[in-house]
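These are the structures in question, set out in turn.
Okay, so chain A shows up in both of these, paired with chain B first and chain C after.
Right after this comes the complex of A and B.
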């Protein structure tokens, strides 16, 4: 017996569709708009929404084709309902509702953050609860206690900027084009991470699991200004390495601390920032030093994708046909962060 | 053969089922909260009331705008999703031309019909058409995003005209233009989309935004300013 789920994700700047069969990914197609937005230096919501509309049906077709199944074989359709850019979300939600309605299938409306956390449920990682999950991206930075995949509990989150936002802003100050993550990481590899002492978010402010990234980008701004154009150019690699360290080290530290506080045997990472090599290294080393199991997804499952939405759909109640016809996309996250 | 038609380009979405003998049913939403976001819910009720199931549909016609960007996208995404799932063709039609077609009954001999959709930011999406004896429309002023005063001026040069639509009141009254009389249908009608496709054939199912995203407009302005004179 199969339980095929067709999943659609359009919350930001990736148009994605996937077919999952339980924990198995049969296909995962991502049409990235990153290049389209790079001329604006960031994601432009109207541009994203326009592109999703002209792309989503072909991406769905491709996901079905690569999985070797037809829409008739699909048991349920899943879609990202929240949070995200409303115009972008609406394209995916309208598409998924129409596909499900026309074929008499049930619809699962998934929380995007739930998707990031559930990505490690998929094979080959196939991590079972309980564990502690770090989710870090351009829009979110949080740690959840996952005793049950259906109901992650928020342990800590950023009090201001998201980690990915800080990375993008810092990269821009160093003249790295959007999206800045990969470029910053590459530059940082040639630099000394202890060359500059950037404030690590909420350092020395007690044992909490929250984050703060507003200070670090301001600190970089001042250093770049003091060094001047030539000075900055000469120290770019050191600046990149030190800045990256100030962002990813607190992520790894608090994740490990959360596991310790709650006596969890395993940890996971997810979200676009989890594609960062230095973060992956710190988490891996920290976990092995403490004897924790660690789930570090393939980079393609860290950045936005639809397979993770298919995974979260396994833990989200389906809305039976046709009761979802009036359901809507929602831009914001609910109180507590994740809607199950 | 049953055609399902929908238009969500304006704050008053419209849906219709059209059969071989004409319109089976048409449904208009008023300015309800959510507007076009409720189009599938409205479609479900319309189909149910007519005893039609999705599998009975043989084609879909969707208004591609101009109008509200989000509304246009929801309409098109819904139409394409239904078409993809049912394996039936999806055709585009101009929301502005559908408005013109419905309101052109108000035109006297020699008068143009000027459909006007509120484009916000003190602009209107508007064009002008000459009704012909067969009930068709010949384009006189191509649809575009206009400053209302500039449109009034252009319309004045084109000839006497009847203004219709939710943006008509924004256009300063010119000497030759008059408002569509009370009782004229001044909303985009999904059934008229189907009629328009029958007249001139389908448009590609691509949104007719008639306006660039703000960020793109600013980028182009910046590039133009930087370009050597």
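Right after this comes the complex of A and C.
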């Protein structure tokens, strides 16, 4: 007995489609625009939307082909509805609605952040609730209590910049091209993370689970300014290592603290920042020291992908055919952050 | 035009709150300033004054954040946009319509396609935590109100 879901994700940079069968990923195809956008130094929404439009059908076809199934074998179609760039989301939603409507299938409209959290439900990690989940990306930084995959509860979030945004802007200050994350990490490996003392978000501001990254970005700006062009060039690796540490250490610390406060036996990470090697190391070590189970997804499941949307679809009510024809993409997150 | 130097994030938020008190539905406010100057901080103060609760976060990656206070509040960031006709900002402004107010960071790449702002804010680093804020109103009446606002906060 199979329950095949075709999932489509186009909320930002990546055009992605996947076929999942319960917890099993049969295929996961991602066509990234990162190279295209590196020319502009960031995502360009109109360029992104047009690229999604020209790519999405081929990506869906490839996902079906690699899974060895046809559209007829698919039980439901899932798509990212929110949050994201509206032009980009519209392409995926219109594609999914058209495919589902034409083939008489139900549609599952999934929250992108729910997808990041549900990625660890998939094999081989196959993490069962309850646990606490860290989701950190360019647009979002949050910790959720997942007692039930269907209803993650927000425990803490960034009060200003997202962790990925702080990484991206810091990388830019150090002259690392977009996307800054991988470049910063590489440079940081050659540096001393204690060389500079950057303010760690909300240090000394109580035992909360919220984050703040505006201050560390400004602190880096001042240091770069004081060092001057030559001084900065000479200390780039140390700056990268110290700055990266100031960003990823609070992520790991608060995730571990959340597990302790709520007595959870397991933790997980997700989102693009979860591909960062230093964060993965800190989370792994912290979990091991405290005897917690830890789910660290493959990097391809941390960055945007459609398999995670297929996973979240298992915990999101389907809209029966044809009642979804009037449903739209939504750019913003709902209050509380996740629409289940 | 009015100028004031702030020394804490709270003071910059207070300027934002003061600007918010001058706005009517349909107004937009443009914010210019380097990375880390405090643009989002000022918008946070304005949004709080307009009754928005919860975190006011940077819209750099999301391009458009929408909040509901006493009126709808849009917080937009055109840092990564290069096309004046880009639909993300246009759609966000359309969603706000004449019912709400919009704050737009890094507006220069798209300024040609925007309505005239009620207030333009330029924020410069003043050494340490100091920030020099220059507030420019659309008309004499707004400029006069901005002057009074600054005098009040200095006092």
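Couple of notes before you dig in:
The definition used in the following text is that the second predicted complex is superposed on the first by the 340 of 340 C-alpha atoms of A that agree within 3 Å, B and C clash if a C-alpha of one lies under 4 Å from a C-alpha of the other, contacts with A are read in each partner's own complex, and residues count from 1 in each chain.
Please note the rule applied: a residue touches a chain if its C-beta (ideal position, glycine included) is under 8 Å from a C-beta of that chain, and two chains touch if they have at least 3 such contacts.
Since we're looking at a predicted model, the values are computed, not measured.
Look at A:124: by the touch rule set out above, it reaches neither chain B nor chain C.
In the superposition on chain A, contact is made by A:331 with chain C only, not with chain B. In the superposition on chain A, contact is made by A:102 with chain B only, not with chain C. Legend: residue contacts after superposition of the two complexes on their common chain; A:291 is shown touching neither chain B nor chain C. When the shared chain is aligned, chain C comes close enough to touch A:217, but chain B does not.
By the touch criterion defined above, A:160 lies against chain C but remains apart from chain B after alignment on the C-alpha atoms of chain A.
By the touch criterion defined above, A:54 reaches chain B but does not reach chain C. Contacts of A:87 after superposition on the shared chain: both chain B and chain C are touched.
Residue overlap on chain A between its contacts with chain B in one complex and with chain C in the other: 40, 44, 46, 49, 86-87. In the complex of the two chains, the chain A residues touching chain B come out as 39-40, 44, 46-47, 49-50, 53-54, 56-57, 60-61, 71, 86-87, 90-91, 94-99, 101-104, 322, 325-326, 328-329.
Contact residues on chain B toward chain A in their complex (touch as defined above): 34, 37-41, 43-44, 54, 69-70, 73-74, 76-82, 84-86, 206-207, 209, 213-216, 219. On the side of chain C, the complex with chain A involves touching residues 34-36, 40-41, 44, 54-58, 60-66, 79-83, 86-88, 91-92. The touching residues of chain A, counted against chain C in their complex, run 12, 40-46, 49, 83-87, 137-139, 157-162, 164-165, 168-169, 172-173, 210, 214, 217-218, 221, 331-332, 335.
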